[in-house]
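First up is the structure itself, then whatever we jot down about it.
Just so it is clear, A, B and C label the chains in written order, and each chain counts residues from 1 on its own.
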């Protein structure tokens, strides 16, 4: 189908920079997520691809052809708007058929296509209703059907599930992904919800303050975040600041401020100050007197329980260790409860100590 | 590159095309006439029909020194204050009741009934009072029948008649603007205050009244300004003796043909209007943005 | 307990608003009633007669004035609604330098006393040779109606925002198709409401017409005013009754349309 190319795109509003040197390539048939906080530039980028915004610099192309001079209505895109923007004065059928109708397609063809799409989004028999007679989830599916009706080259979704409540959102995530797979359309979507980004996307671009911080598959970004922001925005992370103090047995040693040393598999030049990120679920919590260090290649620091939040299947501990509060997620399968102030030992694999770039 | 240029030119052309007609009309009906009026107010005579006029400040110095204008100016301001105050005294409770105590269907119907006469012909409504403010009329006779010895309501061609006519004309403004402000106040504020131990009166004084102030100010401006410029109501209900700033200005244009004096009087009134609007603008802006 | 006090409060409230309504409506009702009374001096007892309505049919001056009023109101409605709708569209769809200045310029026609705008127009029109007459009156009415049209249509446009038009564009509709198939049907209730409003403003407008009407040419309100000042007859009541009922009917239609707009 189609490839979307974005090369060094920039957009400024007065002194505010909305997009700065943004480049990425979205592959054919890919489900691509733009994730970031509001004001991060992700919506500006999506609207630039659609044609509502004319970038000051750089180039956006679809299938290798620049789209700068192609007006919105000739770009051959499908877009789903945040609040769906269904035409309130038209029936569901007329909404879905709108794109074909303005292209002057024969009536029979439009009818057939609308029927096909209603089946795709599992809303057969709703054709004669007005949008306001539909629930939020139904409106969302009609909006999707309408955006797909003309077989556009690219599908753009602006916070596609943002207006739905939590339970419905989870259902629709699955369904949206299913439909996108079946149709095979190149899709770019904007979200500020990390879970939505993780579950839907083939790849994610994390954006903040108009810049792209990292692009990659959800798992890659989660396991190997490059910046503090990426680590903190996609999931939760504990940060340890320290100085590189040499290499031992294939590991890099980092000396923390309090004198504790931790290890990472990543390499870094000696003497540099670095930040290490460790995900909360990578820790193991043990008793105060750990088994003798049979394996030197494990990080081990002593701490004390400072607080716990019980969530049924899991427990979140706040542990006072190495002069900071460390957040730890544990599956709820311990036989004994760790009380307040209980001395503990935190261990984790050096492979899970990620050296960040900033 | 050419597409970019033509896109912005196209945009400019669209904006001009869409707004051009409106602002051409406003230019020749409001802006240029006001400029012409300002110019005329400095002329000795009306420069029409071959007369030559020269520049003078006489009309303005007259307005601020001659007792005739000062007295009538004060009368007009006084009339404005009185009518506005009465409208507030009558209208605010009505607005409060509509916003607080009267429920959906009734409220809608009553609001519509209040607005309805408001948008009908003002001249005709003023005229209708001439049927009421006499003892021999239907209302006078009915009053005498149910209450023998009732005071006379024969107020035609008097100052109170002007006040009644103007209150009748502008009361709906006050009710509407106050209502809009009052119904925008969240009920939970009063509940919160009550939970903190405030009495009903305290709630009204410390919460309801201050929060509805923008509506009161909007109503005040919307009433005071046109009352200041009224001339038809004083003429019909006040008769010949009712001289106001408005009737004075009208006279210069319809009877004495002293347009420069009329223009100077009009501009002085406009200055007062602008002053009032300027003072109230911050509050008015709040009222508008609240809707 | 709360419900009883709420209930008596409600009854008192309705009673108070009732008195206000009485004050607003009694004069109008008395005036209407007197139009059906035979006595030329408004004397009682009441004697039902349609004589004053019949007299209207023979009053050429009033009939001519009425025709002028209707013609001006229709022309005003067409011009003001068209220009105002276009301007509202520009305000809703474009951000441009000077936009707020243009919006502020809409305020003077509705806030400056008509006495001042009317006399200012008289001076300017006379001076520049535009002159007085029906065309001048029409111009004045358009100026007064325009701000209301822009506000009414504008609030309608605001209520559904730009997203629907953007959606139409992404679906391939060109500007023309977007306007006719999306914008126009959605704006329609607002435009109808604005048109009714513009008609009512013009039909009821007295002050501006008064200053811009040359001798021998008049609109209905101007004619009525001079009749009142000359010493009035129940004939004025008859024509006033017709005017009041007509403008109230129009405002009811307006209320219906603007609410119709709010519901969708």
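Basically, a contact is a pair of C-beta atoms (placed from the backbone, for glycine too) under 8 Å apart; a residue touches a chain by one contact, two chains touch by 3 or more.
Everything numeric here is computed off the predicted structure, so don't read it as measured data.
Chemist: Determine, using the mean of C-alpha atoms as each chain's centre, which chain is farthest from subunit C.
Modeler: Chain A.
Chemist: Across all chain pairs, which one has the most C-beta contacts?
Modeler: Going pair by pair, the biggest contact count turns up for B-C.
Chemist: Roughly how many whole angstrom separate the Cα centroids of subunit A and subunit C?
Modeler: Chain centroid spacing, subunit A to subunit C, equals 55 Å.
Chemist: Please report how many Å separate the Cα centroid of subunit B from that of subunit C, as a whole number.
Modeler: Measuring from centre to centre gives 16 Å for this pair.
Chemist: Which bits of subunit A are touching subunit C when the two form their complex?
Modeler: By the definition above, subunit A touches subunit C via 50-52, 71-79, 81-83, 85-89, 98-99, 102-103, 132, 146-147, 149-150, 156.
Chemist: Once bound in the complex, which stretches of subunit C touch subunit B?
Modeler: Its residues touching subunit B are 6, 9-10, 12-14, 16-17, 20-21, 23-28, 30-31, 33-34, 42-44, 46, 82-84, 86-87, 89-91, 94, 96, 102, 105-106, 108-109, 111-117, 119-127, 130, 139-140, 142-143, 146, 150, 200, 203-204, 206-207, 210-211, 221, 224-225, 228-229, 232, 236-237, 240, 243-244, 247-248, 251-252, 254-255.
Chemist: Hey, which residues of subunit C end up touching subunit A in the complex?
Modeler: Per the touch definition, subunit C meets subunit A at residues 160, 163-164, 166-174, 177, 181-182, 185-186, 264.
Chemist: Spell out the residues on subunit B that touch subunit C in their complex, using ranges where they run on.
Modeler: By the definition above, subunit B touches subunit C via 11-12, 14-15, 17-19, 21-23, 25-26, 28-34, 36-37, 40, 47-48, 90-91, 93-94, 97-98, 100-103, 106, 110, 112-117, 119-125, 127-132, 136-139, 141, 168, 171-172, 175, 221, 225-226, 228-232, 235-236, 246, 249-250, 253-254, 259, 262-263, 266, 269-270, 273, 277.
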